[in-house]
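Dropping the structures in below, format is structure tokens.
Next, two complexes with chain A in common: one pairs it with chain B, the other with chain C.
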Partner chain A sequence: MQLRGLRRFARTYAKNRNATAGLFFVALFSLLSILAAAIFPGDPFGLGGDPFIPPSLNNFSLMGTDDLGRSIFGQLLYGGRISLVIGLVAAASSAGLGIAFGLLAGYFAGFSGEAFMRVSEVFQVIPRFFLALILVAALGTSIYNIIFAIAITSWPVLARIVRAETLSLKEKEFVEASRAIGESDTRIMFSEILPNCLPPIIVNTSLLVGQAILTEAGLSFLGLGDPTKPTWGYMLYNAQPFLRYAWWMAVFPGIAITLVVLGLNLIGDGLNDALNPKLRQM
Partner chain B sequence: MNNVNEDLLQINSLKTHFATTDGIVRAVDGVNLRIAASQAVGLVGESGSGKSMTALSIMRLVPPPGKILEGQVLLKGKDLLRLSEKEMRSIRGKEISMIFQDPMTYLNPVMKIGDQIAESLLVHQCDTKKQAMDDVAKLLERVQIHSPKETANSYPHQLSGGMRQRVLIAIAIACNPSLLIADEPTTALDATLQVQILDLLKTLAAELKISVLLITHDLGIVADICDFVNVMYAGRILECADVFSLFEDPKHPYTKGLLASALSIDEFKEKLVTIDGIVPNLLELPQGCKFHPRCQYATVRCRTDEPRLVDVGDGRMVACWLFGG
Partner chain C sequence: MRVAQAIPLFFAIIIINFVIIHFAPGDPASRLAGEFADANYLNMIREKFGLNKPLYEQLALYIYNVLRGDFGYSFYYEQPVIKIIESTLPNTLLLMGPSLLMASLVGLFLGVVSSRKPYSVTDNTVTVFSLVGYSLPIFWLGQVLLIAFSLDLGWFPSAGMASVRVDQVGLAYVADVVWHLFLPSVVLVVWQLALLSRLTRASMLEVFREDYIITARAKGLPERTVIYKHALRNALLAVVTVIGVNVQYMFAGAVLTETVFSWPGIGRLFYNAIFARDYPLLMGMFIIISLAVIVSNLIVDLLYGYLDPRIRFTT
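Coming up: the complex of A and B.
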């Protein structure tokens, strides 16, 4: 039964050509990052050639080299790892925070629910990027701080979605029925309500991954990235002074970021259509 | 009068009011009710007469802004209204369980049937999921579902209405409750299914020695299942009697009206008999007897004083000035 549902979901999803393309981009870059060590053995920050070699047909300088003679291709592959991991971990942690806050605020509406929401508004009115900027500037530029900064600034959106869903779901008859068999509030929240609001959560989290990658790239671009690890944003930061001599330093990481973030957004849209029961054809 | 200890459930002057912005809605206003062990008791009345709120008050699940103001709900002599929320949770589903009107909306759409039945078992008696799932198969057989394994593995939308109601019944009897509250259990089903579900309820109640509180507006169902009937109107019980005497010889004018308006397959009626007027707005209840504006026997006294429920012999009680109030 479950398999059949999954297959139907896959079919609806595959019908959406944009979403399939998005999945392709994301899968491609994930695969490249996973296989980075096989495709490009050695240290991506290793000095191995002349500076500013333009893109040429060999593994090391496929995408050219930077000002210190390091391979752009190598940095791109390894940078994908960091960027994707930051994106996933930041999105997962902000999803966790958002779900927890949203469920509590929706289920215990009234004073405490309102209080939760006011707290989330405090985070919402601060421009996300600047709060992340300040946090990273204050706490230091390690990838953990970047993840923390992204997660702490992006949970309110999801919290509000989950809260709205919870507010309507908790009035549903099946929730009343589970109270009537003696289920506790915690159990009702997690085993009755949460599974019912998963579709919007999944869609939003996939969008969050893209946003997190962008935020990380933005921070790194301003020099607030982790300088010990290659990330796409850090590569862009490095490329800034040399835009006029070495276009390849900026273009390739730029393309990578664009395709992955676009891909994640297309996936989000595709999931939205495939998981939305109102749009689902029987 | 029955001895207190004989009754499984005894409700004394229960009041559940809703403080709305328009005023206080007295949904349940001084209801007395008793259910003996293994007895099936009907609670009948029109829509809005407070039947469902009485049931929810027993479970202590009255939705806000509703509040149980006073009274006692004694289950085996223990007052449920005095229990803590945690103690009450251990009563719900274990001692008292409930089945509802619309079996679709009362099942979680994203949970498998088996898991939903197991839920109740896991809350109250089973420690492991495996134990619970074993019981689930037995329960599904109990409610006469022919392919218990497949059904346990399906989602609510894959079942028919009748099967869903059977599933709800399975959830309700999962922990061997002593009281089953059935709130309009067959209203959403078609006539042939009604019969099957009612038969199932009757059989199960007899086999498992469960008392049933049946809430309905369908007198036919009451006649079929119940031993004892309470007629409710505007948050009050107007008459209670055993089912035979009530149908033979209704005392309260309202009960008479209800019975006269019921349709029967045996006699042909040129015109439907109805009770004049409408159910009073619970916000603006009339003075005196709440039924007097619709009552053809109403006297001056009915307009000013409200009759109490009095014993009229044979274990029957009526709240009407015609019978002494």
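Coming up: the complex of A and C.
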């Protein structure tokens, strides 16, 4: 039964050409960053060649070199690792917060539910990018602070979705039944309600990864990236003063970000179509 | 009613600021004064914000100062924060306003066109365009346009808001500013267009399924009337809401775009304030942007009531 559901899901997903293309982009860049050391041996941030070599057909200067003579291709491979990890960890933490708050607020409605709604309203209006910005400026530009700032400013959307699902699910017969046989609240929340709100959680988390990568890039571009762990956004920050001399410093990292985020958005759309039973029946 | 909801929101934002000042590692005084403040000024700040008094008194003092419009003094610019923001914010609004208007008009048009024949060539083109536009880092789009149209082709200036070496007056000055405004505006328009055209299309398709549209068509009304008089009016509601929710992202987009084009708006302030760790300026801008977002949400709510008679007559 489970297996058949999974196979049907895979079939619906594969039929969607956009979603398959999205998966391809994300898989490609994940592979490139996993295999970075094999594709580009040596230190990508060590000084190696002449500055501002235009893109040419060899591994080192495939995408040209920067103002310090470092390989853009090498930086792109290793920077991708950090961009992708920041995206994944920030999205996962944000999803964790969102699920926890959403479940609690939905399950224990009444005062705590109300209080939660007020808090999430504040977070909806508050300019998220700028809150993340002053958080990183005040806490310091380490990769952990950046992840924290992105996660703490992006959980409310998912929390509201989970809360709404929980509110309607907890009235269903199967939840009543488990309550009647005396199951604990924790068990009901995690083994009865949570599995049933997984589809919107999965869709939203895949979109969150892309947003987190874009937010990090924006913070880096304003000078709030972790200088010890350069990401694609940090490469664009480095490129800005040299746009006149070295277009390749800006063009390639930007293409990488765009393709990965586009891929993640397409995957999100595809998952939405494949997991949404209403659309399946149509 | 709406105003009563907006006020606690504003207080919540001031309190969040206060929490960051006091609980981030390091000395709160240096966060209130900026990293390069001298010892005298630090002492004055400790006195002014009562940093040796109990926390609740400090909070009260902080709120009192913010409400008076006193966001402190910027050591980097050597001016009171509020003065700097006052003189810079209009430049940012000059960039945001026209591009938002343009993006809304074109976005509505594209959305309507592509909703009329879903999955046609036109519709697919608009969809691909908006998906890509939605996924790219806005400042990178700026960098690419700057490289192509300004540095390479030389059609547009690469930085600033007006030519420096010539003293222009009247229409010539306006034309010069528009010329400088063009590329950064295109960046913001493309970026917002992606979202607005996608959204208009979705809400038009939804409206098309409603009974009153089917009735209008069955009555034999011309397709134009059905779309522009009946359907678009309702689709507008969704679009207005989204514009309201997105004001904060437009600010973020404008700040990043300004940095690329050295536009003398709050984007450059952010860049310099981050570089100089000028916390009073950063916090001041955060409060002002939050206030702008709250006010524009309020305006959108009122506009919504005006556009939707169901709401107008029930409240």
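The rule is short, and it goes like this: the second predicted complex is superposed on the first by the 279 of 282 C-alpha atoms of A that agree within 3 Å, B and C clash if a C-alpha of one lies under 4 Å from a C-alpha of the other, contacts with A are read in each partner's own complex, and residues count from 1 in each chain.
The criterion applied here is as follows: contacts are C-beta pairs under 8 Å (C-beta built on N, C-alpha and C of every residue); 3 or more make two chains touch, one makes a residue touch a chain.
Only a predicted model underlies this, so the values are computations on that prediction, with no experimental measurement involved.
Bringing the complexes onto one copy of chain A puts chain B beside chain C with no clash. In the superposition on chain A, A:G210 makes contact with chain C only, while chain B stays out of contact range. Once the two complexes are overlaid on the shared chain, A:E173 sits against chain B while remaining clear of chain C. When the shared chain is aligned, chain B comes close enough to touch A:I181, but chain C does not. In the superposed model, A:P195 makes contact with chain B only, not with chain C. Of the two partner chains, neither chain B nor chain C is touched by A:A37. More residues of chain A are touched by C (comparison of chain B with chain C). Fitting both structures onto chain A leaves chain B and chain C with a minimum C-alpha separation of 21 Å.
The part of chain B that touches chain A in the complex is made up of residues 59, 61, 89-94, 97-98, 100, 102, 105-111, 119-120, 123-124, 153-155, 158, 168, 171-172, 174. Within the complex formed with chain A, the residues of chain C that make contact are 9, 12-13, 16-17, 20-21, 24-26, 31, 131-132, 134-140, 143-144, 146-147, 151, 158, 245, 248-249, 251-252, 255-256, 259-260, 270-271, 274-275, 277, 279, 282-283, 285-286, 289-290, 293-294, 297. Interface residues of chain A facing chain C in the complex, by the touch rule stated above, are 121-122, 124-131, 133-135, 137-140, 210, 214, 217-218, 221-224, 233, 236, 239-240, 243-244, 247, 250-251, 253-254, 257-258, 261-262, 265-266. Within the complex, the chain A residues that touch chain B are 1, 172-174, 176-184, 187, 191-192, 195-196, 198.
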